[in-house]
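You will see two complexes here that share chain A, one where it goes with chain B and one where it goes with chain C.
Our next item is the complex of A and B:
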């Protein structure tokens, strides 16, 4: 392919790109490399005499032999997949519902954005008390008002309900941002296109699936990338709600990593877990990139 | 040219002034103290203490506050970055100070211990648990012995007395678990626990003298652990508020003050939030505390959590030790413990003999005395191993409780799980 730019223009182009590349190398690639190196060493904070001792793949072998690593990985996958899909689908529904002019629109938008501006710690406390067996509004609504449950249940204290409860808290926290991005994207869909589709007799469902969603593919792809990245690394809300419990019901990879690296003081083993988190996110990004196609990101 | 000279003179004068001032500043020795206690009474009492130390020695103490849970991470990071403080308040006086010793952060404080004499501390276990490889890495200061707090008014109504053994504990807990309003649903439980921190199970482990490893770090999980697990299962299934599974220690205290349960196993530091939230309970004598009941007489063991003062190795080590000695000095400590957080009781014997201290603590005299008696009677003597923190990060007491009550694991399965992990951790360490 013929180069469209002259040599001097190419050089200028590279010089513009260079500062960003250097910053990336210092703050992103170098720490990743350090993490990788750390994962091949026996670094325990309690044994400074052995810090940095090269042990090859031992940390990885120990990790693969440990059943808890696999179950934590599986839980992370389930948590990320469900929370991502639910948060984006719900965001799309809400965005579609409020994407027209009505009185009090600003107020509704501000209300929708509220969970996003609340800190993770406060979100966790809101949900911890909402789920509480005695004082929680969830139990009150489901058992006293709607009579769906025969009695209150400890949502965060049961193996079968802890993970869904944690997912709901995370979805609530993340949904406003997705909703706002989708609302902004919906405004860019040409009105003429929608009108033409309706005149051709397309049902509402077909308008959404065949016209609107393909038109907002790029922001959706970005949302998927952001969500998967954020959720697979999600720690704060889960830690504050359940600390990975009950048992290991919500012990996802970041919690497992924290316990190993900082409670167990084993930075080497922790780094091996972190490498897997990093690899998983990279693989997911690649899959999304392939699924949505190059044009969504160009 | 003249103008240039004038500017140069001004700049040089400024530099000179700065140099002189910085020399004066440098003459005021400062030490940095890392604190983990954020409660107002402690902050006020400790700030006063720091000022008095400065007046007496000319050494200024600068305080930074950290969360207990982040402390070790902060210490490790500060060590790597060369920004360690000079004195650290270790919240888990035993494990954290020994860990800091292993990390090469804590300086041995055997000279302070020798100067004060070992009797200066209420129980020899305080010092024993801060020692590793013959060196002591922390000076015990505040303690929070665990006690069984109970609703005395409910006990009196039913003619029950404070339980002293596990059997009695189960009986009273069962009797107090009932439907008080007659709607067919239990609305009052014998026990409320906080599964998130695992303290209730730890209390059972201690009160049964249930050691999980010996002096050489070999697993000793066996019959006693089986007894502990089985008793916890019985108590939890029949008498415990089901919401306990998602409660933290603080939630448990809140639930207790709301009248959900009749008993909680907790540390003496409960006095602070309780007297704030339900002061009338103290005025009307509605609650009381007793030592944690034991399984077999003679195996009395109370979990004695305590804060230790750690002197950090380095150029200011001597000043740091001087500060520690000042903090534990009888008159200074008595003054501090008269005004600090209610229920944070002294680990130092001379303070307990101080009349001013007792006068200041008259409102809680019974709990303070119960705490002291239970500490003195405690035979809990778990061997100190360097890898205990790593083991508990895998098999914390909270996880044991969840595995019994939530996961419904059989006792045998829990025992095997504990033993396998323990062997794995100790092997990895070697």
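Our next item is the complex of A and C:
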């Protein structure tokens, strides 16, 4: 092996890393700083090219005085929490169900993983159509076939059903990925440990709670926190399904942010909301980093 | 007797598990199936009180014809879907190329080259990777307006490239560190130059990883919605997800057939890519894609 930090190695290292480094500094880290600066200014959407007037903490103060900001934040937390738990619990159940050798396994895996490539936009199209009040398949199946409902429901148009409906669409979109991660994790559980537990006559439930889950604790925790970070900033599906409505029933922070900045024309206060989303995501990632180190992200 | 009983129980258990798995897979894929089925149906059948779950002879290409000519019903409302797909392809392919050119050497540097500041460099890559693009829509928008890059495909390509470099860099880093060092060392001992080692030995070994990275990058760009939504304002420049989402719009009334055809048009290339490289992808993705 060559000397550690030999001159030629260092030269090659820098020349390989520098182009990406420069590009990222200019176009990624500078906008991050810009975001912070913008949040202290009054910048109007109609003249975004003109630097806004510095107004100190005014954007933040107005934001904290605005009840909708707090409700949107609360909604975001509820949305994130429920979608995270539901998608990961379901993924865990499915992953443990298919985690053995059988014929047609690769076909099943492909079928489970397929919705992952379907983009948010398509997900929104499909669910918009399925939730339709008059012709949607969901209402038809629930009221005509299964007779659970007495009549059709405008899922996305009612204050109390809009959020669950939006969560279901997100769960469908996110489940394939977590299922795959959990399947990969389950392969790491030592077979001897399982056998020993079964020999001791442990019930299926106990095998899961006492043996399997503890031994895949780390990947599960990482998955959870990453999912929280991702859902807290998810925009596309909700935007295309409800635009935050009806009323403000699904007005989560990212939607509130977009509406403030691009419909309310106030880029400055939009930036102030974005700072909060950024902070939340940073905290999530920081927790992972502290618990599991850098490698948890790869 | 008892053994036979146990065997029978095991057998039924197995059958039940398979039935359950099949149901889950069907349930999981049903929305996609339903979209494709609806997209081929004439409007009279789409808006019928009793939806038909199975395909029948009554198929039409009218919805696709409409979407490909920018019509909704009998009214021209937008550009042809070909225009949007073309834009998406330009953005997707150029972005993938630029991203890989910039990020593969960097990923190689932080995973295989011993240089001072390597740890700092890899932390830098991680931090960039974790920046949520959503938070930056406002500054990116302002930056693009200032430089005149808004409402242009070039601007779109730059923005997509910026957000894909960290993703692919981190993904490739995870891949590169797993490749055996011994081969490289042996080549160095044999008198290979560093660059020769890279081009002759590393590149072929890294090819599967590079494939996964380019697929991830292309899919990200292809599926991207939020940035084109704020940056591309004129119809002829819009990418497929943004251009075609006009079919999901209360103001023109709900046109389910066209909407599903539009969805299928966006989905088909992606599903084909997925099926082609599925085996590679599943391993590669779960190994290093946090942002999904």
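Going forward, the second predicted complex is superposed on the first by the 248 of 298 C-alpha atoms of A that agree within 3 Å, B and C clash if a C-alpha of one lies under 4 Å from a C-alpha of the other, contacts with A are read in each partner's own complex, and residues count from 1 in each chain.
Throughout what follows, contacts are C-beta pairs under 8 Å (C-beta built on N, C-alpha and C of every residue); 3 or more make two chains touch, one makes a residue touch a chain.
A quick note: this is a predicted structure, and the numbers were derived from the prediction, not measured.
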- Message: Just checking: does A:110 make contact with chain B only, chain C only, both, or neither of them? Give me first, second, both or neither.
- Response: second
- Item | Touched partner set for A:28, first chain B, second chain C, both or neither | second
- Item | Which partner, chain B or chain C, touches more chain A residues | C
- Message: So in the superposed three-chain picture, is A:155 touching just chain B, just chain C, both, or none of them (first/second/both/neither)?
- Response: first
- Message: Under the stated touch criterion, which partner chain does A:233 make contact with: chain B (first), chain C (second), both, or neither?
- Response: second
- Task: Tell me which partner A:262 touches in the superposition: chain B (first), chain C (second), both or neither.
- Result: both
- Message: One more residue to check, A:132. First (chain B), second (chain C), both or neither?
- Response: both
- Find the residues of chain A that appear in the contact set with chain B and again in the contact set with chain C. 48, 128, 132, 134, 262
- Message: Applying the document's contact rule, which stretches of chain A touch chain C when the two form their complex?
- Response: 1-2, 4-6, 8-10, 12-14, 16-17, 19-21, 23-24, 27-29, 31-32, 34-35, 38, 43, 48-49, 94, 97-98, 102, 106, 108-130, 132, 134-135, 137, 140, 144, 172, 175-177, 180-181, 184, 226, 229-230, 233, 235-236, 240, 254, 257-258, 261-262, 267, 270-271, 274-275, 277-278, 281-282, 285, 294, 297-298
- Query: Where on chain A does chain B make contact in their complex?
  - Reply: 44-48, 62, 128, 131-134, 151-152, 154-159, 242-243, 245-249, 259-260, 262-266
- Message: Touching residues of chain C toward chain A in the complex: what are they?
- Response: 17-18, 20-21, 24-25, 28-29, 31-32, 34-35, 38, 46-51, 102-103, 105-106, 108-110, 113-116, 118, 121-124, 126, 128-132, 134-143, 145-146, 158, 161-163, 165-166, 169-171, 173-174, 185, 188, 194-195, 219, 222-223, 225-226, 230, 241, 244-245, 247-248, 254, 256, 259-260, 262-263, 266-267, 270-271, 273-275, 278-279, 282, 285-288, 290-292
- Item | Residue numbers on chain B that touch chain A, as the complex places them | 72-73, 76, 79, 99, 102-104, 185, 195-196, 241-246, 255, 258, 260, 386-387, 389-390, 392-394, 398-399, 402-403, 406-407, 428
